[in-house]
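Shared chain: chain A. Partners: chain B in the first complex, chain C in the second.
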Partner chain A sequence: MWLELELVLIILLGIIILGNNRLGTMIQLFALQSFILSTTPLLIHPGKHAVVMAVVTIILKVLLMPWLLFWAIRHASIRREVQPLVGYGKTLILGGFLMGAAFLISAKLDLPVQETSNLLVPTAFSLVMIGFLLLVSRFKAITQVIGYLVMENGIFLFAILLLEKTPLLVEMGILLDIFVGTLVMGIIVNHINQEFRSASTLNLTNLRD
Partner chain B sequence: MLPVLLHISVVMILSPLLLGIIGKTKAFFAGRWGPPLLQPYYDIVKLFRKGNVYSTTTTWIFQAAPIISLATVLISAVLIPMGSFKAPLSFWGDIILFAGLYGLARFFLVIAALDTGSSFEGMGASREATFSCLAEVVLFLDFIILALLSKKFVLSEMLEANILSSWPLFGPVLLLVGASYFLVLLTENSRIPIDDPATHLELTMIHEVMVLDHSGWDLAYILYAGAMKLFVLGGLFLNILIPSHGLSPMAQTISFWGGMIVLAVGLGAVESCMARLRLNRIPQLLIGAFVLALVGLLIILVKGV
Partner chain C sequence: MGVLLLVGLPLLMAAMIFLVPHDRQRKIILLLTSSVHLIVTIIFWQRPHHVQFHSFLGFDALSQLILSLISILFFVVSIYLVGYLKEKRRRSNRIFIGCLLCLLAAMTLVTLSRHMGLLWIAIASTTLLSAPLINYFRTPQSIEATWKYLLISSLGIALGLLGTLFLAISATSIKTVFLDDILNNAASLSPAWLKLSVIFLLVGYGTKMGLAPMHTWKPDAYGEAPPPVGALMSGALTGCAFLAVFRVAQICFAAHLQEFVAPIFILLGMLSLAIAAIFILGQKDFNRMLGYSSVEHMGILVLGIGLGGGAVWASLFHTLNNAFAKGLIFLVSGNLYQSFRSKKIENIQGVIHKLPVTGTFLILGFVVITGFPPFGIFYSELLILKEAILAQRYVIVFFYFLFLSVIFFGYARIILEMAFGKPSDSPNKETKKEDFFKVVPLVILTVVLFFSGIFVPDALYSLINEASRLLGGR
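For the complex of A and B:
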């Protein structure tokens, strides 16, 4: 019951992130989503392993990464996504359809591990889809970073299924990769901004010799 | 016959009070004393003492619309249970009647607005039609979810039957239904953040624009119908969220009427801390509500009932 409530909240936050155009709010929502996500291992596989995972996730995804992203938008002084490739309403409808697809696909999946809740896999897939959608439908580099992080949240959720089987070191390695990735992207956002006076990734398609 | 009369009179007597509580809450948040709790009654009584003014370009439709909107809301009130009062009228498929009645009322208000020939009212009519057609989809999705959960197709049975037993298993789904239905409630009753019932800033109005030319009795009918609509749709919201059936009649009464007051205070609080959304953001909000309901439906289909 509690796990499902958390999963529904996670999807809900994903939808709100998708329909939002303020970068600050998006980052806060992402932090909230990561916080709820970090408590799910405790509900699924209570134990020392889960506690370590939860603490590390909270430190990295709830505190450090949002702080880094806030630093990036402060330095690049961008507030909102002004011209998305696809309008917000259409993105939301698309997101709805993708979530439908995610639910359909995960109903067909035959997983080797015992599922704690049959909502877990659909939620994970939905998050991956929402992240993808954010990545392809927005121009601002920072929104794309958020899309990437939401997608990673989905993968994290999926990996929780295998929590007992994977060594802690692997999980930590993945989290470190994500963190370094975000760090690099935050710096790149800043550089794009300095170079072109806007953080739009459209500028990166121009060729120069 | 008696239960029907009882039901209707309860709605007629108590519905403006809900608006009064909302007004008081908003005044409290703004640090004012605010209008008295019974102000909506005074407004309606005042309007009933006035005469009607009709433009020469209007036809009978303009005069019929307020009466129809009042009548449809009263009929829809009979379909939902309120606390210990059972729904006096219910039959197979009445959920479609419930939605249809509001559609009928809206249709008449819209053509009455067009009947005046004012381009300004036509604009309001077009907005109302657009937003409510988005809201109706969400309403039906919510009904489909509830029908799937309870395996019933009668509105009152659907609300009474399995909601209580559904909460432990389908709590998240019911929360999604509640959230999306709340947005429908706000849209249907043209409250903030969809529409501001107090605004008279012309370009931002939605519902108020349509009824601009109504006066006297007709305006009283429309205001009264609006109050009752909030009451009936709010009652349905409480029936979805509070699994009161199976409790003693006393507990049912307390939970329903207490819930009604909490709902009114909550609406007032929402209206005090939010600004009205820009018009082009409203469809986005309603599409969001649609996606919420859709996710609820998907969860039910995956979990199986």
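For the complex of A and C:
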């Protein structure tokens, strides 16, 4: 019951991020989504493993990564996404279609793991697709990073499903890798900004054949 | 113990790098670490080829092959860097050398990991560690290349993670994703999830390898990275990604999914060859051309795996020779770039007159990489052609031959023009001398190419045999 409520909230937050153009709000929404996400292991597989996972997720995804992203936009002094490749309304409709597709795919695949909620797999697929959509349809480097992180949140839901079977060490390694990835991306965003005086990837079009 | 040294020493030395105050001492540390790594790797050859050190770490013939390749190439590149980093620069080489050493540790970990999750972690780390290396010059172009590389590779890596998790779901009855457990109990994997997982893993690790259509970062990254970094990426890093793809193929093979996965491999391979053929023809930038050349060779590798049988052997042999050949030609391009101050082909003319030694190696690199008869690449390309003919897949044979010929002509036009063209009367008549550290690595790589392609020692031959047997080769 609680789990389902959380999953619905997570999808809704994904959709709201997709329809937003203020970078600060997007980062806050991402932090909120990660916070809700970090409590799901406790509901699915209560135990020591889940507690460690939840704590590490909160530290990395709710505190450190949003802080890093805020640092990057402060340095780059950007507030809003420029006019995106596909309009906001269209992106939202597309997002809705992708969610429908996610539910269809999940209905086709029967899970060999015993399932705690039949919303879990569709939510995970939806988040991956929404993140991907965000990544390919926006120009600001920061929005692309947020898209990548939303996608990663979807993957995290799959990982929770397998929490008992994957060694803790591996889970931690995965989280750490994602964090360092965000760190490196943040630094490069800063370089882009210093070099081009704007962190829009529209400037990055010199290399082509 | 040895394993700890292989992974731990580069990490420890990377930490040392940050304490050492002078650029010169850092270069010595780099050189020492790579020599020790090479020596330990050579000692490992005395052991049997299949050893399990720990539940997560182990060694088989494929690990040994790729590890040796990485170690040799890294050693050669570190010698080259001693000369290359001599150029006066404002920034210290702290981050650059630190990242290089960590990259060595991560690549070693890729070859040693026996757990699909650990393999993913190691591969993801190689991406992150190589990004600062590409951005060495910090020009607008190199930032653009780094951003594209980071974004596309991270996306690929994320899909790879998804694939790994799907693999774990399909392996619910086994409860682990240790490679050996999966291979031994492949029959009990759930087929639907396994197929989904294989597709995601191939797209993910294929992005890392630079297979078309996920290759778009490659010409940019190879074009803008410092040439020694390009040598490492096109030789060692793609070797790591190839190892991951090979592991996926192993799982498919064990689960009797060859018929499902072979067409995917062949399609990716042919597509890569086609893209390379199209873009090499009109190329104006030497290093970008090398990027497309890498796409071509990665295509040949997966084509070999897709065809199966003797072609797997050819594929492994090709990995080795391609890595050293790419290393050679990238280091040559480093010499050219530092002398001519340009990467545009029209500005690099008459190399053989201006830099006789480098010019000779340029011709040699051309001969090796396009597959002229005495060298290893000729042999492996021919072997793959033979397998395709034996399997009576004439469409593949036709296009394979067509694409390779087009690529050959594209190459020949560019390199012969560079080597023998009329030198432009540039204002700086005196080009830099070809000093010791810029020539010795080229000589070493030539010797290595000789032994990996022409006079193959028995030990290497049997190692490749054993590795190809992992995929049911001969």
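Heads up, the rule we're going with is that the second predicted complex is superposed on the first by the 207 of 209 C-alpha atoms of A that agree within 3 Å, B and C clash if a C-alpha of one lies under 4 Å from a C-alpha of the other, contacts with A are read in each partner's own complex, and residues count from 1 in each chain.
What we mean here is this: a residue touches a chain if its C-beta (ideal position, glycine included) is under 8 Å from a C-beta of that chain, and two chains touch if they have at least 3 such contacts.
None of the values given here were measured: they were computed from a predicted structure.
Shared-chain residue A:L63: touches no atom of chain B or chain C. Between chain B and chain C, C contacts the larger number of chain A residues.
Contacts of A:L168 after superposition: neither chain B nor chain C is touched. Residue contacts after overlaying the shared chain place A:M1 against chain B, while chain C stays out of touching range. When both complexes are overlaid on chain A, the residue A:A159 reaches chain C alone and has no touch with chain B.
Contacts of A:P112 after superposition on the shared chain: chain C is touched, whereas chain B is not.
Within the complex formed with chain A, the chain C residues making contact are 115, 117-118, 120-121, 124-125, 127-128, 131-132, 135, 138-141, 143-148, 150-151, 154-155, 158, 161-162, 165-166, 168-170, 172-173, 175-177, 190, 192-193, 196, 219-220, 223-224, 279, 282-283, 288. Contact residues on chain B toward chain A in their complex (touch as defined above): 168, 171-173, 175-176, 179, 283-285, 287-288, 290-292, 294-295, 298-299, 301-303. Interface of chain A with chain B (complex): residues 1, 4-5, 7-8, 11-12, 15-16, 19, 88-89, 92-93, 95-96, 99-100, 103, 106-107, 118-119, 122, 126. The touching residues of chain A, when paired with chain C in their complex, are 109-113, 128, 132, 135, 141, 144, 148, 151-152, 155, 158-159, 161-162, 165-167, 170, 173-174, 177, 180-181, 184-185, 188, 191-192, 195-196, 201, 203-207, 209.
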